[in-house]
Amino acid sequence: MSSNHEDIKREQIAEAVEGWTHGGPLYRRPAFRIMILVVLFSAFGIWAAAFFTDKIMPSILSTQMGSVHDTVILFTVLAAPVSALVYAIAAYSVYKWRRTGGDEPPPDGPPIRENTLVTSLWLGMSVILVVVLLVWGMTALSSENQGQLKPVTVDVYGQQWLWTFKYPGTGVESNQLVVPTGRQIRFVITSYDVTHGFWPNSLGVQVDANPGFNTYITADPTKTGQFAVRCSQLCGLYHAYMDANGKVVTPAQFSAWLISQGASSSAANAYALGGK
Amino acid sequence: MSVVEEHSSHDHHGYYAEGGNHHDTPQAKHRKEHMLVWMLIGGDMVFTALIIFAWFYLKALNVEGMWRGAACTPNFNAGINQSCTDGIGNSITHIIPTASPVHTFAVAILAIVGAGLMWFAEVQARQGASRKTTTPLLGLASLAILGSLVWQIYQFQVLPFTTVQGAYASVFEYIMGSNVGHLLLILLVATGLFIRSSKGLHENGRWYQIHLSRLFSVWVAFSITLLACMVTFFN
Amino acid sequence: MSTTALLEDTKLGPKAGGLYRHQNFLTGIITGGLAMLVGWLIAHYTLQSNANWGSDMVVTVTMAAWVVGFMAGIGAFNAVFRWMIGHDQDHEDELYAAGVSQGWKRYFKFCTDHKVVGTQYLVLVMTLFAVGGTLAMIIRTQLISPNNHLISPQTYNAVISIHGMIMIIATIIMVSGPWANFILPIQVGAKDMAFPRLNALSLWLVVAAVPPILISLFIGGVDSGWTTYAPLSVQSPPGQDAFSITIITFVVSVTVAGINTITTTLTMRAKGMTMGRLPIFVWGSIVSAGLGLYAMPAFLAAQSMLLTDRVVGTSFFAPAQGGAGWLYENIFWIMGHPEVYVILIPGVAAAMDVASTFSRKPVFGYKIGIGAFFGLAVLAIMVWAHHMFTTGWAPNLADPWMLTTELISIPTGIFFLVIIGTLWRGSIWTRLPMYWVYLFLWNFIIGGVTGIYLSDVPADQYFHGDMFVTAHFHYTLLGGAMIGATAALCYWFPKMSGRMLNERIGKTAFWVVAIFFQVTYFGMFWEGFQGMPRRIAAYAPYFHTANVIATVGAYGLFLGWVILLYALIHSWMNGKVAPSNPWHAKSLEWHISSPPPLENFLVDPIVTSDPYTYGEDEAATPAKNPTPATVGSSEEGAH
Amino acid sequence: MKRIVWGLISLVIAVVAVGLVIFGFSKQQYQAPTGTVAAKSVGTIQYQGMTRDHVVLTFGTYPDSQGKYGTMLAAEGAASTPGGNVHPGGNPSWPAYAPSNQFSVPAGAYVTVVWHQYDSGGAVNDPYFAQVHGTIGGTETVNGKTITGVDANNMAHTFTVRPAPGTASGFFLSVPSPVSSLGNNAANNAGGQTVTFSFIAGAKGLYAWNCEYPCGLGIGGFGAVMGSYGYMSGYLHVV
């Protein structure tokens, strides 16, 4: 690399810095105006995330779903300024640096080939963001499987095109998923035929039902309510109809429901109220 | 000055004079085709690696004890009613035997012999041998590869199992099918080289097509041997 | 001795070309049809009797016979056969194959000229997009009301599967087909691709691959989505066999095309065209091609294993016989994730070049941009299991997969840095190609940040398999890669056709596409947040509003593309004649006439700088002195 | 002028292309030979203190879709072609429901189903489907005998109905049938088992029904006929 080249590079950096610092009064500097746009765009993005997430996502019935909501909001908050920066520069370039050349091109722009400072800053920010995302994801993931209470096991069977749920020890088998609050629910999932996707959507968990294997997932319901159990893995003809009704109820209601489904009251109480 | 090198430091002069692409020197053509062959081998390596992955993955999982049709428990946890059937309704209650390594290695050895003969022919051609030397060598190479192919197809007849009998049988026969495909390819190439050699097209230092074909044939022989070892020693 | 100048008018002998003289698209179809018939008859009377796999065997044999027959009929095997019998094609045969003095007919032949192949690819890609787009309209129409009865669930599944696969095929070749074949050799200063016959082979293999996948719609269809997850796909109707034959054929095509692109770039650069002077588009193309070489064998493995499961009863994926669906999912995504970047990288690279030309500035961070391509390619092969976060396979490995997946945002971020760095303080020349670059930026960042939600395992446990994912990858593949390819299309259209693209109609198309694109996928994001699964033919009524928005948007989007298509056809026929360098760009293709002559360069070019010398004082920096030698002014003669 | 001509030509090509696609799909569509079969009204019935319309729905299940269901249909007074193929252009050797796969019943009506079952069977994947779910009293009547379930290892088809996603929550109906009295020698229109059951139709809307007995090929027995729309699957229109 010739010294000539390095000179040019230095000049370029100087020139770029000049844009930030010596571009006339503050309100006329590109950097300042772009920052204003970034703030505006980010604010809009963050407002939209906070406002819409709770409005359109299913209600939070478990801690896992709560963490989905939190993740959506946090990631939007992190992503909004990044997107806003790109949008702001793009918008500013169209607004301010546009030349109407017709068939003839406008005069060439400054030959800025690279800028170590900007590139390093950009890379550094990317790395920091990735680390934040990763730590967030790992924390949520590791906390996911820690239940304090003795879990309630529900056996889930997928088949074309119906879910059936067995509540072991009670002899109850139903096409409705009913789970109690205050207990960790451990789903043991398998399939009779092809791969299905077990997705009790307000519980915020999802795992496939694979033929020949058991898969496991846990959820901690916190609030009573209704939800839908859907199949999230295309499973053939009536995939769309593979819905089941789900309900989170109190332990007492749960026990009553089991009895109404034919369980003996001792088995239902032992299963529903369980030990610590 | 043009894009084409006027002088090459490699000893590649004059091995290619006939037709070919309408704007290529022999050197450029060699360089390109060399790259082509290596990239093909690279792609094929990925394919082979995936077969090996499938083998060890299914073997390790041993789903429902069906790697070799063994330890079959009807009504496995989910009560699948197809458990322990061979896919067409016949119940499998026995462990299928492993395939005889004799056939497996016979195929591999013949492929190695074929590739080796081709390599020998290349060495001869590089040293300026005439068609009288290279043609029989390439003919023998073709025969060895043909023998390997025939034996591989023959092995289908003598297998102690069919495709439907467990995962072991499936991967095994898939490997045999893949071998058939590869052997067919190098058989066509070797036969072509043989015919071309008999017309004297590899004389006067024009050995590069044998060279390229040899590269691929050696890879095929290697992969067949590798897979033969895998199915024999890690079943 | 610039004989090449006269190539187009060369009178070839009456026997030049040999069998090629009698072969064209029509003979290909006739031969393919006959082969299909013969294959069907033989299979029907010998294999049909197998109660379990008979119909699958018949379909497989018939479709394979079509592919082989078509390729033989169009002349793909001529040269191979002649090589085998030691009767090589001579120079005249080669010239005939390159389309010398055949006028428009060369476009319907096994023509080895890279510009003909590029044009054929363009038309093919557009046809595929038209078919895939029409299927998308059927899907959206079905979803216009919660319980629509337009098509049966079986047909719906077939339509979504074929829409997906047709679009994947089309997007894989949308840049590496037309542009890497037409433009890339000229950009590196070559006279043709490295392997002209393989070039033609790669094109016609795709053509041969298309009918089976369309026929599959009418023989029961494929009911397992474009991913054809086993074991569902093992029990699918016979359409799945035709689908697999299509994929296997397509894999060969992409492999061959990728090898060709890489070899061309590595071995056929003009004098002075060092690797560091390559336009960034070339870098993108070869990285994408290399990644394709890694990915495609996995597709071959996945689909051939599936096919053997279906036609000879192997049990790779049938759990009752020892197989595992997870095996398919792993092999499929070992292909599937790199494949996404095979699609994306050249589109992004093309957008970078367009941004440079219309900002009148060099590409910002050329080297780090190339580094990002390589970084993305390396990461792409290490992230496949993030498609399997919710399959239950290896839940303990979630952390490493999450790490590699989130690392992808670093090279992707660099793409944005390169483009906005190029825009920074540029002289933005707002011609049509530049419009698409802005749309690319807008869409691709939405596609990018929504990907981050999916990379987070706990969040993915909600979003996986729902419309959020659909919206996300349409934003990246359609909104990112395909819009980048559209920028490339508008940019290189004058070079290809010799006509200027009508900007008025083109800009109309742009605005319709840009607006309705957002409407469509806004609707889909909404559906996704609400929790609507993908690939369902009927849905709960509370998804209705979002679906209506998406459907209305999709109609508008389709209309936008139709307008663009009209602009292309209209301009190709009636457009203003294009000068050799309408954009005053500096890469080599703009130094030769539009459209370029056979063998491109009358005089071999000598390159003395990279194509990004905008605004540089050329006298003061002799190292970058002038732009690539203009053709004809070079002091050096042709060889 | 030239522009207009080319424009028109493009338009014609576009229309032809779209037309061909639509034509292809219409061919691909399952068309029940007799259209939607409406349940016959037989007056009203008192159920849980409410007067409801009482309707009777009749259909049959045959070991092949080219079944000779003429006799039964004549008895029901339905117009159809005896010996006709239930799935035009489809596979005539597959089992099928006849005379149609589209049934309609009035909303809220008391529906009595008379189901003639002529096919053989075997073990079901999930014993859940050997039990009766969702009928009045939780029972079905087979040849006059009232039962709550059949032998899970030797049963024929089921008639399983569930509502379209997100609607009419709670409605679910699944009724198994025993195998033909001829067992594996099941022949069309012979060895019939008459299954009768009643249920209260749900709210208006489209309900999907299918058979949950794995009578197809492939994984779990759900390939071929089970994966193809129209033989073992269809819609119940509640109007």
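Should a chain be cited, it is by its letter among A, B, C and D, assigned in written order, with residues numbered from 1 in that chain.
The criterion applied here is as follows: a contact is a pair of C-beta atoms (placed from the backbone, for glycine too) under 8 Å apart; a residue touches a chain by one contact, two chains touch by 3 or more.
This structure is a prediction, so every number in the text was calculated from the model and none was measured.
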Top chain pair, ranked by how many C-beta pairs fall in contact: A-C
Chain of greatest Cα-centre distance to chain A: B
Where chain B and chain C are represented by their mean Cα positions, the distance between them in whole Å: 30
Whole-Å gap separating chain C and chain D, where each centre is the average of the chain's CA atoms: 43
Distance from chain B to chain A - Cα centre to Cα centre, in angstrom: 46
Multi-chain contact sites of chain B, meaning residues that touch two or more partners: 63-64, 78-80, 82
Sites on chain D at which at least two other chains make contact: 125-126, 164-166, 214, 219-222, 227-229, 233
Shared interface positions of chain C, touching two or more other chains: 52, 153-154, 223, 231-232, 235, 318-320, 324, 326, 536, 538-540
Complex contacts: residues of chain B adjacent to chain A: 63-64, 76-80
Complex contact set, residues of chain C against chain D: 52, 130, 134, 138, 146-147, 149, 151-155, 158, 217-218, 220-221, 223, 231-232, 234-237, 318-320, 536, 538-543, 566, 569-570, 573-574
Partner chain A, residues of chain C touching it in the complex: 153-154, 157, 223-225, 229, 231-232, 235, 319-320, 324-326, 359-368, 390-392, 395, 398-399, 402-403, 406-407, 409-410, 413-414, 416-417, 420-421, 423-430, 438, 441-442, 445-446, 449, 452-453, 455-462, 464-466, 526, 529-531, 533-540, 582-584, 612-616, 621, 623
In the complex, chain B residues that touch chain C: 1-4, 18-23, 28, 31-32, 35-36, 39-40, 42-44, 46-47, 50-51, 53-54, 57-58, 61-67, 69, 80, 82-88, 162-171, 173-174, 177, 188, 191-192, 195-196, 198-199, 201
Interface residues, chain C side, partner chain B - complex: 4, 51-52, 83-86, 88-91, 93-95, 98, 189-192, 194-196, 198, 255, 258-259, 262-263, 266-271, 293-294, 296-298, 300-301, 304-305, 308-309, 312-316, 318-324, 326-327, 330-331, 334, 599, 604, 606, 636-639
